[in-house]
Amino acid sequence: MSHKNREEQTVRENMHEIIFGAHTFYGWLFDMALLVVIVLSVISNSLETVAGVKDLWADGLFWASWVFTGLFTVEYALRIYCVKKPWRFVFSFWGIVDLLAILPEYLIFLFFSSGGHASAFAAVRSLRLLRVFRILNLSWFQREGEDLGNAIWRARGKVVVFVMVVMIIVTIAGTVMYDVESTFDPNSKFTSIPMGIYWAIVTMTTVGFGDIVPKTTGGQFISAILILVGYSLIIVPTGFVSAEVLDRKRRRVISTVSCPSCFTEDHDDDAVYCKYCGGEM
Amino acid sequence: MSHKNREEQTVRENMHEIIFGAHTFYGWLFDMALLVVIVLSVISNSLETVAGVKDLWADGLFWASWVFTGLFTVEYALRIYCVKKPWRFVFSFWGIVDLLAILPEYLIFLFFSSGGHASAFAAVRSLRLLRVFRILNLSWFQREGEDLGNAIWRARGKVVVFVMVVMIIVTIAGTVMYDVESTFDPNSKFTSIPMGIYWAIVTMTTVGFGDIVPKTTGGQFISAILILVGYSLIIVPTGFVSAEVLDRKRRRVISTVSCPSCFTEDHDDDAVYCKYCGGEM
Amino acid sequence: MSHKNREEQTVRENMHEIIFGAHTFYGWLFDMALLVVIVLSVISNSLETVAGVKDLWADGLFWASWVFTGLFTVEYALRIYCVKKPWRFVFSFWGIVDLLAILPEYLIFLFFSSGGHASAFAAVRSLRLLRVFRILNLSWFQREGEDLGNAIWRARGKVVVFVMVVMIIVTIAGTVMYDVESTFDPNSKFTSIPMGIYWAIVTMTTVGFGDIVPKTTGGQFISAILILVGYSLIIVPTGFVSAEVLDRKRRRVISTVSCPSCFTEDHDDDAVYCKYCGGEM
Amino acid sequence: MSHKNREEQTVRENMHEIIFGAHTFYGWLFDMALLVVIVLSVISNSLETVAGVKDLWADGLFWASWVFTGLFTVEYALRIYCVKKPWRFVFSFWGIVDLLAILPEYLIFLFFSSGGHASAFAAVRSLRLLRVFRILNLSWFQREGEDLGNAIWRARGKVVVFVMVVMIIVTIAGTVMYDVESTFDPNSKFTSIPMGIYWAIVTMTTVGFGDIVPKTTGGQFISAILILVGYSLIIVPTGFVSAEVLDRKRRRVISTVSCPSCFTEDHDDDAVYCKYCGGEM
């Protein structure tokens, strides 16, 4: 390996630590800067759709949009440059998210440069926010995020069963409501079974928009029952997540230490002597 | 028993294992296929009621409906064939659900073949989804379902008391609101006490459709109190289910240690002597 | 005491046991019958206000109303007859509730016999439902009701603080929203500060009727913050009630038994031998 | 120090105990009186904005407003008088809140004496309610408030992560909904991305005003998913707060036993030897 290559190698490694890591000061600074740019770019994109703001600052927002895209493009290039296996990165989850953060801007420029309708890409652009998770994951809140994720993961079986039970109930309730309402109310907004299911989801989760409401006595009676069932159901998974969290908390505190003399467990983290045999820990 | 009978017997037993069981590969495959067919038939039935879709695919959906019914009929016949006591199956809970999954189609064909209004049967048809519970119960999530069911079952006393308290509160609140609103607002949508109770249920559970709202100052004041009561009440049963779940979890953790003398389980982690026989652990 | 008096005394005592008690078969039967009559009378009163039903069954409902009132009057008289200190009963909480269950009917008859507007009394009439609590309290669910009541009672300090915090937040939020909305939107439905507070309560508790909604950008921004605060706040008291329930549960299971040999506690209810010293319990 | 000065010193100290303290009877009385005046002044300010009430009691409310301001001014002067470092108090958090409680009234008098629009100050005036927290903090509920505060504080990491996750989800959901709805529904109320985010917050937290609702099939489908995600998400932090509260409670229970040798606390109920010094318990 030539001297130049070795030097480049070191540059790459340092860059990798800054761009992908978060333990060094410059890595932390890079993450912070990236976070600010992401949030600013999302705010700027949002403002572009507000009628009053667009009229006033159209030019500013247009240029801001390109500045952000430029920064993200440079960042994307640097990421590819400093990883050891560029293609693997490009096709990884975060690689695709990074690409999606910049691609829409170029596509809009190429195909809608005359100012045509480009909003279909705005949604893709908002996926940029997903990148915030990467930053969070790297540096702060990692343990908190892990705890939350673990609790959900460990309760996943119950959550899946719960969601399936909810789906079955809303499907049956939506069908019954469509039947009852569309039969007895000619102007019913329950125009189809999928509409009934949409209403049942909105109702059972206590969102209750009120755009579609039962007008017939029978429909209102069935609604009341569905609402009470939904109100009771939400209680159950809450209890399970609470239990998972608490259980995990207890295990972490307890099961890590065991007495070297009598091999008992269940000692606190700050125990100096065994609480059962009095032997030194 | 003749050879042929014995052979038939074996065929029946194998079929029983495939159709009713879930522990063999073919049993799992059968359940999966059934699950897919049930979900597809429900989606197909739902789409039939969507104006735009019906116009486009009317024929396709009509034939799909009959294909699904045919499959369910064959399945129903096979279930009757391979159980030992057919009549007991037919009048069992799942036997009736299976019959309700196919009957409406035939009744619609017989009585509404001219294309008349058949939606009354659509609701019955959606009961097919209940069959998903049987599949779930057999194969996956059995333990999760059991846990959920147990937690609800053990908290049933509290849930009943809670629901009764809620019913009494909504009845009184609904009556009071009907009085207040219908007295002071001539165009009130609180047209009767049952309507007031419907409103109270919708409000207290925080669904809040907004189709019926208090217009008078007195009514708004009573609403505010009812809402705050409802907001506080939901807390209580949540706590009880959490406690039930956690309690059960703790017991399960405990029961892994068993006494070497009398082989009983259910001992605490820190037990030195067996609490049943007094033998050293 | 004459023989007749003693006989009357016995009759009274037996009646007291049937009417006020719930441990004998006839006491249970009386409670059940009373429960049915109360529920029927409330349903009958509710139906009286439904336009369609009233037209059809006006006479039936009128007579039913008097039959129920007659039964409650007889019951009230019997209660007074068989208690030892009638006046104390009359002015007790349940005595007043019992009187309120029959009084409105007679007052309506006296003052509105010409068929005038009597709905003001309907609300009082619905207080009859409170009597269901007495029955529940006596016989079934007593322990469940006690548990629920205890959990709420023990968490009362937190509930009061929580309600006060909520009241302060909704008052400030309601005032701010009134200012913002009524200043920038001339047709605002935020017509006064009390209206703003009503809106804030409806919003923060996630009821969200939608009859009053912010129209200005500023108002929508403040709403979004208020909603997120409300969404986060509800979590807190839930946790506290869970903790109270669980704590109480643990104490009940644990602290009742202590070992007679080594005086240790923390034994399960079903322990035969002490888990610490092996001595018989 | 002269006799007069010393006397003044004593007067100041006594006043300080009454005004700032809550442990003496007069201190309690002062707090109670202040609480009543604050609540009355807020009610009076609220009523001023109600059209009907203002017409009737305009003069009364005007004078009441000045009486309350006068009382608060005297109180503010006394507070400055009896603290040792007046300027430090004036620029402290509570000093500013106290000033904000009286300043608006004088500013309105100076600049809007002709009866002009003064509502911008009404909001500031409502900050008076914050002073209730000071009273609560001093006297009652201090422990309850502390417990609530501690539980939130200890779960702050999770709450921050949770709020960030919610913010990211509502931003993406709001952008997607704006795209879908504004593309397919020309009269859509999803007029901009910020509007979409506002809708997503209102929906995901189950408030569901219903002022903005999806009209397109795609929008309703995305809504249903967002609602189910929101419904599932609220469960998670609830569990964490429950766990924090319970954990804290357990620790408090534990710490009542103290080691007879080294006087340390924080021992488990079943400890036989001190975990810090190894001495027998």
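Letters are used for the chains, namely A, B, C and D, taken in the order the chains are written, and counting of residues starts over at 1 for each.
By definition in this document, contacts are C-beta pairs under 8 Å (C-beta built on N, C-alpha and C of every residue); 3 or more make two chains touch, one makes a residue touch a chain.
In this text the structure is predicted, and so the values were computed from the model without any measurement.
Contacts with subunit C and subunit D are shared by A, B.
Looking at which positions face the partner, subunit A and subunit B present mostly different ones, since fewer than half of the interface numbers are shared. Put simply, the C-alpha centre of subunit A and that of subunit C have 41 angstrom between them.
In terms of their C-alpha centroids, the spacing between subunit B and subunit C amounts to 29 Å.
With touch defined as above, residues shared between interfaces to two or more other chains in subunit B number as follows: 194, 197, 206-210, 238, 242-243, 246, 270.
Chain contact summary for the complex, subunit B toward subunit D: residues 206-210, 238, 242, 270.
On the subunit A side of its complex with subunit D, the touching residues are 42, 45-51, 117, 119-120, 122-123, 125-127, 129-130, 132-133, 136, 141, 143-145, 147-148, 151-152, 159, 163, 166, 194-195, 197-198, 201-202, 205-211, 234, 237-238, 241-246, 249, 266-268, 270-281. Those residues of subunit D that touch subunit A in the shared complex are 157-158, 160-162, 164, 168, 171-172, 175-176, 178-180, 182-183, 191-194, 197, 203, 206-210, 213, 217, 220-221, 223-224, 227-228, 230-232, 235-236, 238-240, 242-243, 246-247, 266-268, 270-280.
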